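Structure, as structure tokens:
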Amino acid sequence: MLPSTDSLVSLALQEDLAFGDLTSTAIFPPGHRSTARIVARQPLVVCGLEVAAQVFERVDAKLVVKPLLQDGKPAKAGEVLMQVSGATRSLLAAERTALNFLQRLCGIATHAQRYADVVKVQGSAVRIADTRKTTPGWRALEKYAVRCGGCHNHRFSLGEHVMIKDNHVAAAGSIRKAVAAAREAAPHLSRIEVEADTLEQVSAAVAAGADVILLDNMQPAQIKAAIKRIAGKALVEISGGVNLQNLAKYLLPGVDVISIGALTHSAPAADLSMEMRAGSSAR
Amino acid sequence: MLPSTDSLVSLALQEDLAFGDLTSTAIFPPGHRSTARIVARQPLVVCGLEVAAQVFERVDAKLVVKPLLQDGKPAKAGEVLMQVSGATRSLLAAERTALNFLQRLCGIATHAQRYADVVKVQGSAVRIADTRKTTPGWRALEKYAVRCGGCHNHRFSLGEHVMIKDNHVAAAGSIRKAVAAAREAAPHLSRIEVEADTLEQVSAAVAAGADVILLDNMQPAQIKAAIKRIAGKALVEISGGVNLQNLAKYLLPGVDVISIGALTHSAPAADLSMEMRAGSSAR
Amino acid sequence: MLPSTDSLVSLALQEDLAFGDLTSTAIFPPGHRSTARIVARQPLVVCGLEVAAQVFERVDAKLVVKPLLQDGKPAKAGEVLMQVSGATRSLLAAERTALNFLQRLCGIATHAQRYADVVKVQGSAVRIADTRKTTPGWRALEKYAVRCGGCHNHRFSLGEHVMIKDNHVAAAGSIRKAVAAAREAAPHLSRIEVEADTLEQVSAAVAAGADVILLDNMQPAQIKAAIKRIAGKALVEISGGVNLQNLAKYLLPGVDVISIGALTHSAPAADLSMEMRAGSSAR
Amino acid sequence: MLPSTDSLVSLALQEDLAFGDLTSTAIFPPGHRSTARIVARQPLVVCGLEVAAQVFERVDAKLVVKPLLQDGKPAKAGEVLMQVSGATRSLLAAERTALNFLQRLCGIATHAQRYADVVKVQGSAVRIADTRKTTPGWRALEKYAVRCGGCHNHRFSLGEHVMIKDNHVAAAGSIRKAVAAAREAAPHLSRIEVEADTLEQVSAAVAAGADVILLDNMQPAQIKAAIKRIAGKALVEISGGVNLQNLAKYLLPGVDVISIGALTHSAPAADLSMEMRAGSSAR
Amino acid sequence: MLPSTDSLVSLALQEDLAFGDLTSTAIFPPGHRSTARIVARQPLVVCGLEVAAQVFERVDAKLVVKPLLQDGKPAKAGEVLMQVSGATRSLLAAERTALNFLQRLCGIATHAQRYADVVKVQGSAVRIADTRKTTPGWRALEKYAVRCGGCHNHRFSLGEHVMIKDNHVAAAGSIRKAVAAAREAAPHLSRIEVEADTLEQVSAAVAAGADVILLDNMQPAQIKAAIKRIAGKALVEISGGVNLQNLAKYLLPGVDVISIGALTHSAPAADLSMEMRAGSSAR
Amino acid sequence: MLPSTDSLVSLALQEDLAFGDLTSTAIFPPGHRSTARIVARQPLVVCGLEVAAQVFERVDAKLVVKPLLQDGKPAKAGEVLMQVSGATRSLLAAERTALNFLQRLCGIATHAQRYADVVKVQGSAVRIADTRKTTPGWRALEKYAVRCGGCHNHRFSLGEHVMIKDNHVAAAGSIRKAVAAAREAAPHLSRIEVEADTLEQVSAAVAAGADVILLDNMQPAQIKAAIKRIAGKALVEISGGVNLQNLAKYLLPGVDVISIGALTHSAPAADLSMEMRAGSSAR
């Protein structure tokens, strides 16, 4: 349903199938039919069934695609995510591209869920959010996978919200001036976030009326001090140096959001495969 | 220079900049100029300078891009990969997209080099090769990164070479028939690879005249037995279950290629950042 | 600099020049050169010089484009906005497309300024904002034109902020539940706006913690009552039935934003022309 | 059915839905279904039902679209143009884009009909024609809307017919030479039109064998004199300064065509809305 | 300069270079430079220098392209059409695609000239015109090549002019009704052509006021009779069964145009090659 | 099914139908239905039914397309390849584009079969292969047509296999060094071909371990000498100067492949037409 996915699927099919599938065309007659099952080979969070279906349908509009699970739900090792039947040539032509989409999206969703689980176990209400450190061309899909894994999205693009960093402050003259300039220029629905490296900057951001304050690369003790200064006048986001191992100690009272680039840029691929059975149950 | 990169850069700019950069437009006047440096924050293998340059130039054709290192070369933590000067608004608009390309490509190249280094240390001549398990839309770029890291490429697409698997054998009736059908249909420059799970299949593949035999998920002992049967009549590729930790024990005499999907699908992102200095040296 | 403009310029050149320019090719030899001036034929607010320049450069990369005014500035009737020199064939091939972009963008900027001027004359701090009622394909450009005319932008797309209307409330069960569901799902930087048709809905929206309340199609008296209920706990936006003639009476204390679809969908085209002089000064 | 519409619809969906619809996704479960009706809120000439249907179908191929009126027919205020049923999320995601197409196309068709009505009332056979002053990217659609409103099209692009203006005459040396050069170069199906500002030019155009003569910015008296000189040897087109108010006095005997840029570039948007009812009759 | 050429060049580079040039990358270091010359290996009419230049520049913007001849001019066997210098890798990557464009365009131009020469030798003023039987994707380029060869273009697309055939007449009820319907609907600049298979149809077409009459598949004697009936009241086009060998006998007085599909669909490729010399003069 | 065909069909529809079909829209009411038959007007090898079907379906998704023959099979003059029923306007709008695809693809397949027939008549096992001398944008389709005609494909692109020519040898220093460099860089599935103009080069290529040796522009006597030197250590390909007339004398023992550019670049178009019958049998 996301319009940008169309282009990415086109690129993906183009790069694998520009000249067809030499092997399957040589061996399977056009009328040979099979049923394929996409199977999880590890426990994972399902994500990407729609785009995988789109890959199969773009390769051959006559393939019959039947999702058996739902995005955002867990799959056990061995569980079947979706079934596709039709021409064997088409199934094999689409196989790798469909799996490549799924392994990345399930990988991110599964990775995100690990973070979300830590938060849940700790009984915290902190949001774990992604960043704009996504794979070029995959922004919307990867952010969707983060949501499937139970985490949250930060802004989608540079055009929605304001994030004021060092360079902006230097150019504007002060945090106050930067916030004022951004508030004047931005749509009234856009929140303004200020990145702070020091407690002085935190105080200045509060005074400037920032809606969100990003505590960048601060240690827990410094974070606590910052939260005291903010005193509920802005949302508190922390970022930098947080990982699965040390996440628990950042789940401090007063923290609203922890944003983590690794959610999208370093999630390992999930392990999935496609199993085929000649003949076709689906008619 | 790769034509498909154009489309991916377009998608990437579109997703981050469809409505411009709210923050920088609000704060920097159009005439404000800076110099930016892309800096490695970890030791890494450089990869992607050209596509990063393309990102900057597509955002603003007047930016002056100066690469300081070369793809395929190592960078130390703190080393500057490239420098870009021009309008501050343009530099900040391109920053995240350029870094997102670099962090993935340097990440893969750096990851690949770890495998290549094990081979070198062991004094082996085995090739480490990638697979088609690449990020959709990124096939050409990721395979280029693998080469930058000192590893090799397997086939690029389904249209170039023949890879015969279980399903093909079942449909053809035998390995011999499958190889014959493929040989007849494929271009005379295409090699034919047969996947074998058992020693019987290995023997059948040799007898069928396969150019390359893929020993799928075999343990070292079985691999040795297979190599004996192949006896130099085909190239020997192994795949499945090989990782950085156990790679050394697969570097057996007679093995030509080890292919590893994780080279591309699970390399962690490299850590890079862009540092800015107001004003522009390049004028 | 906006990535989506590229595609629109491509469509525009394609539709006028798919088979070249029959007339000019028949009459002007390729070496014939001219200088063209884009002239305002009415007082207007300049907008679109960059996209017009892009049209000329895409038709012929050797044309020399020189902007003489700046987007967002006024031009008097007869004033020259930009000058372009080079091959006469190229200038004439680009003429209509460049003017078609400019007449629409200057038209919107000029129209917007009339609204902004009423606000200024009244000494009000109310923002006049656009809506998503833009020409398909032109969202980013038209919203830019609104800013050039001194007005503000509402949200750019459905993916940035939350706007809760009747249907959402009905499905969620109450305004409170709708706001809560949206708050949970939306990025922490997204503000939540609730559309209210009655004072009861206004009170419910305040109680639900809406960030912005849209008073839809209310008359001034009702608006005043609503503002009293809101009491500064949310931004106040009004929409519906406001036009240049009656704008002044909606500039009430407590109103933050007035959004007006006609800013973009019904602005008359500005009158501009291109004047040519054979020969080329720019050599 | 027009191939260029595809690209425009893609751009339009991309700009509104690149990251989905935050609000509806948060509130409506995927299975929630509704029926939507597109309603005229003013008397209008229908135009664009096919492209609106395409918007809905591109957002969700399972939506059931049922047109209730036909392009080119009148709709009264309150009349339903089309009905769409299916997933509520999809209906709301497509709503604004579909309406944005319809409001512009119905707007132009409705505007064009006002001109056509004046001609009819006067009992004239003059054609009212559009120009190439269309919205970039919208050429084919807007010219279609003009036809729906009962007016006619001028040429579609620079590549079809010949239109000789001042610059061409100056470069060719004379109207006669310009017409001869164009006649020689143009396809034999292309007519040649000459723009004339003076009666001398009119005579020269007739002598040169122009198929159509454009009387540019002439007053009725001068037009009558020109028509006398043309004496049926060419079609007579007039352009410049004609509007709804003064149209009647230009409907002179001997005039074949009056072309008016405002038909496309300054038609106000038609007022339409989409009304929703939860549940779906179409099942 | 033609906008559609961009897309075709993209497709062409994509299909040959999606994964780069294996051979040249393996052997030439990036800094290796050469000068290449595109040489005619047969006498030909030059056509396509601009699109060939575009191919080189798209592969590598730093290549220096120098055309040495001009489109539409003759080249002798051995003559150099253009010279390109720069990185050897880039020259070889672009070579085949550039030659593939040139061999087709020069082939058509050269083929067309043979027809034009027969006309010239016979002292006839008949136009030889192409048809819409062009290679999909190549319409504008192939029609340009026809002009370079001294022949003329028929209509470019279905959207410009009217061509009434049997089916239209059957549906309309008569030639007269078909012409009237088309005249009413078509732009006033569009000419109306009627296809006639018999002399009765010729008479009907004249009576209906057709601008051009196409004598389809008639023999010279029948053509003469038709011309007599037309008596100058319409342009006379003949089509069907005309080839280089029998062209002369169709060059009858009263014939205006002969259209020939083979001009574009069956022209043999021209023979050209690219010769390289290591090192680069252009530095 | 080939992804690149999509883009070519888009370009083709765009160039013929950007502004619709003036004639048919004027004459046929939208509800008028017909059945069309694509008929061979000469004996030919069928090729392109799928892409022709795609053209009809892209113009109007409701057309019912029924293929009556199969790609790769012969059609006699007068035989019907496919039948399409539905709206007459849509059938006529798609007609020329569908035929233009078919006439080129059937033309190439038919042409290729003439070569394949010579080989068969001579009882030879030599493969006739195409080259990369294809129409830009048509690589995959034209190579498919070659296979339909019973011939074989050479490599598809520069990125799959290695072809070492004079320039590479000069830069590498020797054939041996060039082969070694290519072997090291290329994927292990890629074969390496060396072009040889002399017997010395043939010997050097054999010694260097080339997989395939291309004997370029050699006469039969020289070819025999070369084959003796190669002695089965490499595949033997010959190219240059071979045509239908002299093919038989190149079918020498020891020759594996003969590659011929004219297969794709100079095949004459096949003659096909579309016949219409008002009304529609297919419901």
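Chains: A, B, C, D, E and F, in written order; residue numbering restarts at 1 for each.
The definition used in the following text is that a residue touches a chain if its C-beta (ideal position, glycine included) is under 8 Å from a C-beta of that chain, and two chains touch if they have at least 3 such contacts.
Keep in mind it's a predicted model, so treat the numbers as computed, not measured.
Path length between subunit C and subunit F in the chain contact graph, taken as the least number of steps between touching chains: 1. Of all chains, the one whose CA centroid is most distant from that of subunit B is D.
More C-beta pairs touch across one of B-D and E-F than the other; that pair is E-F. The interface of A-D is repeated, with over half of its contact pairs matching by residue number, by B-C among B-C, C-F or A-C. A centroid comparison over C-alpha atoms places F as the chain most distant from subunit C. The centroid of the Cα atoms in subunit C and the matching centroid in subunit D are 22 Å apart. A straight line joining the Cα centres of subunit C and subunit E is 43 Å long.
Shown for subunit D are the residues in touch with two or more other chains, namely 4, 14-15, 17-20, 93, 139-140, 156-157, 159-161, 190.
If you sketch which chains touch which, every chain touches every other chain without exception. Here subunit B touches subunit E in the complex through residues 1-4, 6, 139-140, 143-144, 156-157, going by the rule given at the top. Of all residues in subunit A, only 127, 129, 152-156, 159-161, 187-191, 193, 211-212, 235, 237, 256-257 touch subunit C in the complex they form.
Subunit B contributes residues 4, 7-9, 11-12, 14-28, 32, 34, 88, 92-93, 96-97, 99-101, 103-104, 107, 132-140, 156-164, 167-168, 170-172, 178, 181-182, 184-186, 190, 261-262, 265-266, 268-269, 276, 278 to its touches with subunit A in the complex. Only residues 10, 13-14, 17-20, 58-60, 90, 93 of subunit C touch subunit E when the two sit together in their complex. Those residues of subunit C whose C-beta lies close enough to touch subunit F in the complex are 14-15, 18.
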